[in-house]
Structure formats: C-alpha cells, structure tokens
Amino acid sequence: MSALATLTRASLSKDLRLEWRSKDAINSMLFFALLVVVIFSFSFDPTAEESRRIAGGLVWVAFLFAAVVALNQTWARELRNQVLDAYRVSPAPANALFLAKALGNFIFVIVLEAFMTPLFIVFYNLRALGAAYQLLIVSALGTWALVVNGTFFAAMSLRTRSREIMLPLLLFPISIPALLATVEGTTAILTGDYSPKFWIVLLAAYNVVFTTACLLLFDKVLNAE
Amino acid sequence: MLRRAFPILGVLTAALLSYGLYEALIGAPIEQSMGEVQRIFYYHAPSAWTAFLLFTVNFVASVVYLIRRSIKADILALVTAEVGVVFCTVVLVTGPLWARPVWGIWWTWDIRLTSTLVLWLIYVSYLMLRRFSSSGQTPLMAAVLAVFGALDVPLVYFSIWFFRTQHPQPVIGGGGSIDPKMLQVALINWAAFLCFAGLVSWSRYRLELLQREVEETEALEALLDSGGAP
Amino acid sequence: MNQSLHAAANPIIVIHDLVKQFGRFAALRGVSAEFVAGRLYAIVGENGAGKTTLLRSLAGLTQPTRGSISMLGTTDLRSVCRQLGYMAHPSLLYEEMGGMENLRYFARLYEIQDDERCARTISAVGLDPTLIRPVGQYSQGMRQRMSLARALIHDPKVLLLDEPFSNVDARSARQMTHLLTQLRDAGKTIFVVTHQASQLEHAADEFVHMEAGVIVRRTREWMTAEAP
C-alpha cells in the first residue's frame, strides 16, 4: 500500500516538475481556454438575469473542451521513447502510474478552471446567489469525474487509430450523468433557486464507482498490446 | 438440431411480426386521448424492452469474457451490441414521431427517452472502439468499456430522474395504468421482436464465428508456410 | 565448423514451441530452446526473423499465441520481473530529464531510493553522473548507455538487449561490449539482439541464428565466411 503511495507521489512530482520546466502544454492550454471563453461570450450574450441560469452550462462545456485537449496530452511524454515498456517490465503497480496521471490531470484542469472562471465572471457579470463555497465542492467533484475517466480512456485510445478523436468519443457518453450533475449543481448555486445537495451526492457516487472501476481495470488496459 | 431450429424460428418470427402488426394497427383499441397515433407505442415500447435485454446480455457476456477470455462470449457481446443499437435507434426515432403530433414538440427530456439516448451513445462508442482498435486485444478493451457503460446506467437514470423533477416536462408514453388489451398487443409485439432479434443475432453470431475461424485458418497456414526460405 | 551446443544441466530459461502471430503474420513459428545461466547469447538474423518478438516475449511485453516460456523456474514472467532488465532501440527514457534524474525515477519503480547506487551505475556505463544535460540532447551512444544503466539499476539476473549498438559510435559500442562481458563474468545471463554480430565476435558465448520465426542453428562463433 505504501509502495503505491510512494510511487504515485514520485510519478506525480516528476510530471509536475517536467510540466513546470517546459510550460509547453500549460501555455498553449491557457491560451486555448481564453479563446474558448471569448468565443462563447460572443456566441451567447445574455442579460444579467438570464446569464445566471445558463452560465452553469456554458462554463462547464467550455471546461470540458479545454479538459479534452489536456487529457489528450496525458501520455504524450511516455509515448515518445516507449517509456511505457520500461514501466510494464518493472514490478511497479500499474495503479501508481494511473493515479499519478489522473492527479496530474486534475491539477492541470483545476488550474485551467481557475484561470477561466474570473474571465467568465467578468464577461457574464456573474454573482452567486447561493452558497459560493459549494461551488468549490461541485467543481472538485465534477473535475475529478471528468479526469478519472478521461485518463483511463486516454490510455485506451493509445491502442486505436485516430487516437485524439477516440478519447472524446469514449469519454462523453459515459460522462453524461457527471456533466449533468455538475451543470445543474453549478446552476443551483448560482441562481440559489434550489439546493445542489442531490447533485453533489450523485457526483460523489459517480466518482466512487468510476475511480474504483478504473483502479481495478487499468492494469489490463496498460498491458494490452 | 440447431440447423432445423433456424428456419423454424424464421417462420415463427414472420408469423408473430405479421400478427403483431395486425393487432397493432387494427386489432388494438383506439386510445382515448391520443387517437390512432398512439399505435406507435406498440413499436416504441417493445423495441426499448428488446434493446435493454440485448444490452444486458452484452454486459453479462463482457463480464464472462473478462473472467474466462471466452471467444464465444466476445462474439456474443459484439452481436448483442450491434442488434441492440438497431433497436435503440428504433426507439429514438419512434419517440419523437409519437411526441410531435400528440404534444406538439419533437423532444422532451423524458426520462425513458433520454436514458435510451445515452445508452445509444454509449453503445455506439462501444462499436466505434471495436472498429478503431488497432490492438490485438480489442475484445478485452471492448469488454472493459461495456462494464463501464453498465456501471453508468443507474447513474444516468438517477441523474435524469432528478433533473426531471426539477424541470418538469411532458412524459412521452404516459405513466400509469394501461388497458389490458393494449398490454397484450404490446407483449405480442415484444415476443415478435425478441424472435426477430434472436434470428438476426443468431445469423450474425454464426457469421462472425465463421469469419474468425477463417482468419484463424489463414493464420495457421501462414504459420506452416515456410515463408519463402530456400 | 558448425558446432551445435547441447544445453548444460539446469537451464534457467526454457522456451517450448513458442508461436506468436500478429493477425496473419507469424513472427515466431515454434521456437524451442534452452538457455543456461552466465552466458552471453547473441541473437542474430535478418529483419523480420523474429528476433525482437522473441526478446519481447522473454520480457513479458508480448503474450505468446501458443507455447510457453519458463524463466528462473516459473512460467509467470511477471513474478520474476525484478530479475529482468530490458533495453530496446528506443531509449525508454524521459527526454526532458537528465541522466541521473531519469535513473532516480526508474530506480523507484524497483523500490530503490539510493542516489549513490544510481551514480555508480551511470559511471559503470561510462557516463558522468553529474551531467545535467537532458537525455534528449545526448548522442545516440550516450543515450544507449544511459538506457543500459536504466536496465541495470536493479541488478537483474537476466538482461535482454534489443539492438543496443544501433547507430552508436564505435567507442561507445566497444565500451558497452566490454561492460557486457564483465556482467556476464559476474554471473548474469545476457541476450543481445543485433545486426552487428561482428561487434560481439569475441564477447558472445553463443550465436543464436534466427530465420523466418525459428531458430535455425546455434554456433559458438560468428561465421562471417558463411553466406546468409
């Protein structure tokens, strides 16, 4: 158990360090995120009253697209010199690698969301009428839901043709309940019309179910030829 | 024995489909509020039941494959996914066709219809994975995806259910009780669809099995072939 | 002359009728062989002979279509993976990290957290442990040597090397060959897949010739006189 934790931490810190050094992916991602926000703002120009009702959906669709671009990069460094072979040959548990990648993606996407949110607030004059701290809970749960399956399906897509399109093709249908819950939860908090509690519970359930499934099945996917 | 069963099933299917069609269009009583249009229910509902049954078989076959790596389980999973998607498509097409004349709208986020849509999306992505996979272990990946899909189903259902309680909209197909004669006609059509699904699945299964046997034989030939060495 | 070799007692690797097919293409067509500990085996042959597939099968990276491999007494290759070191033509290293950094990370996969040991291994392959240049900027010879260090860090009993000398300068190749003989003398069993059999002429104990997915002969010397 502790070997898993140590290795996960080592892999995660390696990824974060490398990302920090090159800042390749994060810079292009941030710019992409900015573009998405601007384009959405041109496309939907609501009044302050309306905006609260639709902002939840808008914001999360924007996050979703930014997240997919990030997720497609998950294994890029490992692919370059067949590093995955070195991993497979070693006694290291596959789950350590998975968790490290999933956590790395989580941090990455949270950074993107943190960047995009103030922009959305500005463009849409948003102000939460409900309990704003709950937004953090919904964001964290919703992001993990996307990222855990996204990392898993990114590994699956490695063994397909048209790798980059396969990831969203596989991810989106399965993520629908999570997406719905995240959007509705966010809208509930922004409008203050009703409680987001059910959605938070649903997201938690979704996360438990799929994190378990990913951890149980990742080894098989990693070692598929 | 199996050889004889197939044409018998074919005849039975044809008979049931014809009978079902008659009953649906003529035999069944006219619905009180919706009129003749309601008859589409006899295709909409049984298609849904058939699709769900097929997807359940797919899930079981996928799990069997994960445990036993049985080729037959894999083929069964593939076949039920394909036929299931077809029936699912029927549900998604008949739904709006029914909704439009009756409620004036094409689509509502009706729980059954929406769940069916998501199920359809999941299984289409399943079929795409099978088609695009370049791995030697496609059956394994597909089985994993099927398990993910199955785990998703209850979550889909609950999320849409709650969404509907927050944003009430018309329910396609009506809740509540159903006239016994209508139920009977629906069940007849369901039996017909099940036979039809069985017939098509069986053919597809045999086709796929033969295809794989051919591939294996070719591979074996390539193995035994000296490969051009002097 | 051709001198076929009989396996001594206690072979540590036993391959029985190994078949590997990729769809219609049969990479291995029934390989059977026994290998003894403490030898350096050079696996030679033309492109497409099945050398890489054989090596990857030994490493557990490829599952056989039929047949079995027994290594160190077991057919469960995963259980003896600590005793295996694998090196391929791609470096299996992170380009963005320096040599020591790479090695530190890969040592962790084997639960080794010893900087001293990493430095020693890097020196053993003839590289400078203090070099911070990212591996992506190494020459091919340096990269292959660093990859060898990665394969050696956990002191495995069996080494599987796939084309280690490919595109490598003569000096690096000589250095690696010398290191391999030292490792062999220390008791390791080494398999080297190579096109450049001449490189191992004086180092290898045995040459395993492969053709069209089978082992056609095993010789003590590399016969340059014999036409392929």
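Order of writing sets the labels: A, B and C. Residues in every chain begin at 1.
One rule holds in what follows: a contact is a pair of C-beta atoms (placed from the backbone, for glycine too) under 8 Å apart; a residue touches a chain by one contact, two chains touch by 3 or more.
These figures come from a predicted structure and were not determined experimentally.
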Report which interface contains more C-beta contacts, comparing A-C against A-B. A-B
If you average all the Cα positions, which chain's own average lands nearest? A
Find the chain most remote from chain A, comparing centres computed as mean CA coordinates. C
Chain B and chain C have mean C-alpha positions lying a whole-number Å distance apart equal to 50
Cα centroid separation, chain A vs chain C, in Å, comes to 40
Taking each chain's mean CA coordinate, chain A and chain B are separated, in whole Å, by 31
Would you mind listing the residues of chain A that make contact with two or more other chains? 225
Could you check chain B for residues that touch two or more other chains and list them? 136
Where on chain A does chain C make contact in their complex? 3, 6-7, 10-11, 14, 18, 21-22, 77, 80-83, 85-92, 225
Show which residues of chain B lie in contact with chain C when the two form their complex. 136, 215, 218-219, 222-223, 226-229
How about chain B: which of its residues touch chain A in the complex? 66, 118, 121-122, 124-125, 128-129, 132-137, 140-141, 144-145, 147-149, 151-152, 155-156, 158-160, 162-163, 166
Which stretch or stretches of chain C touch chain A in the complex? 59-63, 81-82, 84, 86, 88, 90-97, 105-106, 108-111, 150
Residue numbers of chain A touching chain B in their complex, please. 149, 156, 159-162, 166, 169-170, 172-174, 176-178, 180-181, 184, 194, 198-199, 202, 205-206, 209-210, 213, 217, 220-221, 224-225
